[in-house]
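Two complexes follow with subunit A in common, the first pairing it with subunit B and the second with subunit C.
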Partner chain A sequence: MVFKQISVTSIAEVIHNVQQVEFPTDHFISSQEIVELKRKIKQNCDVMIAYAQHVLPVAAKGSYHEAILRQLRQDVMLVRAECGKVNANFAGAKHRSKLTQLHAAYEEMRLAAVLVCQGAEPELIDSLAVAL
Partner chain B sequence: MAKQQPKAVQKREKTLGYLAGEYRESLEYTAELKRAIDGFRGNIPPNSPYRYLRSEVGGAILTTLESKSPQTIPQLIKELQSGGCVFGAVKTPQEIVTKAVKALVAIGKVEWADQAKSQVRLSKSP
Partner chain C sequence: MATRSHRAREPDAFLRNGLRLKQYLHSGDYLLWGTIAALQLVLLAFACRQKLTRKLPWYVGLLAFFSAKSIALMAVAQLSSYALYMYAYYVGITIEIPLLILVVYDFFKIVFEPRSTLPPGTLPKISLTMVCVFLAGAVAAIWRPSQSTDVMLALLRTVHRSTEFVVCCSLWTVIVYARFMGIPWTRKVAGIASGFLFYLTTQTLVTSVLAFVGQQQPWVMILNRVSSGSYLVGLGFWAIALSRKDIPVEMPTQAELGYLQTLWTKVAASHARLQQSLSDRSKA
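Showing the complex of A and B:
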């Protein structure tokens, strides 16, 4: 198996590489929708991690910028963990609550990404928030 | 009615194309403006309505707390908005400022001033 390493060095590249995630609002969700949702979320997590890993080494130690990048990385890890709990055999209220938790974690990650963008390229805040 | 359908689609596509072009141009113009602003040395005057334009949210919060401390989250939001801080339209200032304050608390630059965690101030320890 070949692992493709993602190289993301700017917010514009982040916007170019992420896919828009929409959490289903219907009561019934098909397995296909869940698989597609998880695929998009994982892709976005990889892009955000790649960007954070690129920028973190040059961020000033102990600065707000470094703190918010670490927060973004932490939020991405949480989203990945929550994503792993949602399976494709989707049925019942228990799984529904897991999807709600994933949605909440994803919104936190989106917020952290917006904060990172606000510091780096404020004119792209809305573009990034919509792209995610 | 059936004949008008393609015309409506064409109009919609044409309008969308026009709007996309305008948006793209405005982005380029914004980037040029930012480069021009960054070309100037020194700070924006502290009484300017755009004093936080070049600051990160965290930096703007620290600047505010240096002069006025302690502050509640709504007070910080009001101050940052009056200073022209960029928040965008998708996430609310409440969400952004709260997350920024939590990040500053995590690195020890600011601390909660009360047990209810409603007010923040600059951290006493360096």
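Showing the complex of A and C:
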């Protein structure tokens, strides 16, 4: 498929489709773990950007909600970019720092997602924070 | 747009002898032409009814232009010479190309807006790709310009070939970048873009083949039919896309807004009371 279509349209669907991401804390990380981590992060990014892309066109211009959605979109793009820099052949301090940058970007995205949820469906904040 | 099937047919003898296109057409051609014209009008009506002018204004404009062009060309084909028809056809194409560029811009806006959220360097990369595509089109036009005894017609054909290539590659650029960045499309817009992608790609390929192998080959007619058919398939894509409904964004109901307003009034009242008591205390 050339076109990726919007598949997530509500916070409840976001929670249903995201996968919990845990960044490894061990010094030695296997390639398999890295591949799995990247897969989960990319899936979460796809879900987040689909939601943002669905809601952004109708968000009131200049509103707080729009600003947060923009921030979420920006953070998702950043996470995707950082995710692309981490490769599966994981060894050495250089790669460790890339993973740290990815972790920081992911946390930013998580925060933006929680803020978006606060604006749209506050009762689901806890569920979303746990699911991410 | 059935007229696309006659794009490359004109042997120069036809132009010189002042023959009419209707001497050249079969009943199948009229059927195809009429079907396409009718389908375009129906799609235009659907697009206006769905208020697509807000989301894709240039797409609706292009549909209107296609509809008017089909009818006008049919009249020219019946009443005037083949040479005049060819001029009318290529002038129509020349107007169509800027509209297609604007449609690509519509897609660009829908997918990439708000642009401030894109990672740094994305827009320069897209612009650079477009410049490369433009250069490739210009080089191809200079390397192998269209051949015809009529200089103006040769120019129009060369412009058409190059700009069609540039528009097609620009659309591919937008779609590939969106895919690369993981940006999803709404179902309706994706369907409409698929139609454009299919027919523009097919027609660009056909035009390029015709330009580089010449128009005297026996299978040129088949290629022209393929080109016409691709537009019909593109219209099919649009029809399917327009029949789809996008999932609406869940907006707060009136009751929810009313509840929020009540809540806000209570909060404002208690805030005012608090302020009052604080000021009283400070005075005391």
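Keep in mind that, in the parts below, the second predicted complex is superposed on the first by the 127 of 132 C-alpha atoms of A that agree within 3 Å, B and C clash if a C-alpha of one lies under 4 Å from a C-alpha of the other, contacts with A are read in each partner's own complex, and residues count from 1 in each chain.
The rule we apply is simple: a contact is a pair of C-beta atoms (placed from the backbone, for glycine too) under 8 Å apart; a residue touches a chain by one contact, two chains touch by 3 or more.
What you see is a predicted model; the values in this text were computed from it and never measured.
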Answer with clash or fit: subunit B and subunit C placed together on subunit A by superposition. clash
Tell me the contact category for A:45 with respect to subunit B and subunit C: first, second, both or neither. second
First, second, both or neither for A:118, with subunit B first and subunit C second: first
So in the superposed three-chain picture, is A:10 touching just subunit B, just subunit C, both, or none of them (first/second/both/neither)? second
In the overlay, answer first, second, both or neither for which of subunit B and subunit C A:54 touches. second
Of the two partners subunit B and subunit C, which one touches more residues belonging to subunit A? C
For A:81, is the partner it touches subunit B (first), subunit C (second), both, or none of the two (neither)? second
With the two complexes superposed on chain A, say which partner A:130 touches: subunit B (first), subunit C (second), both, or neither. first
Pick from 24-32, 42-50 or 96-104: which stretch of subunit B gets in the way of subunit C? 42-50
Does any part of subunit A touch subunit B in one structure and subunit C in the other, and if so which residues? 71
Within the complex, which stretch of subunit A touches subunit C? 2-7, 9-10, 42, 45-46, 49-50, 53-58, 70-71, 73-74, 76-78, 80-81
So in the complex, the part of subunit B that touches subunit A is made up of which residues? 27, 30-31, 34, 56-59, 62, 86-91, 95-96, 99-100, 102-104, 106-107, 109
What does subunit A use to touch subunit B in their complex? 62, 64-68, 71, 108, 110-112, 114-115, 118-119, 122-123, 125-127, 129-130
Could you pull out which subunit C residues touch subunit A in their complex? 114, 116-119, 175-176, 178-179, 181-187, 190, 193-194, 197, 247, 249-251
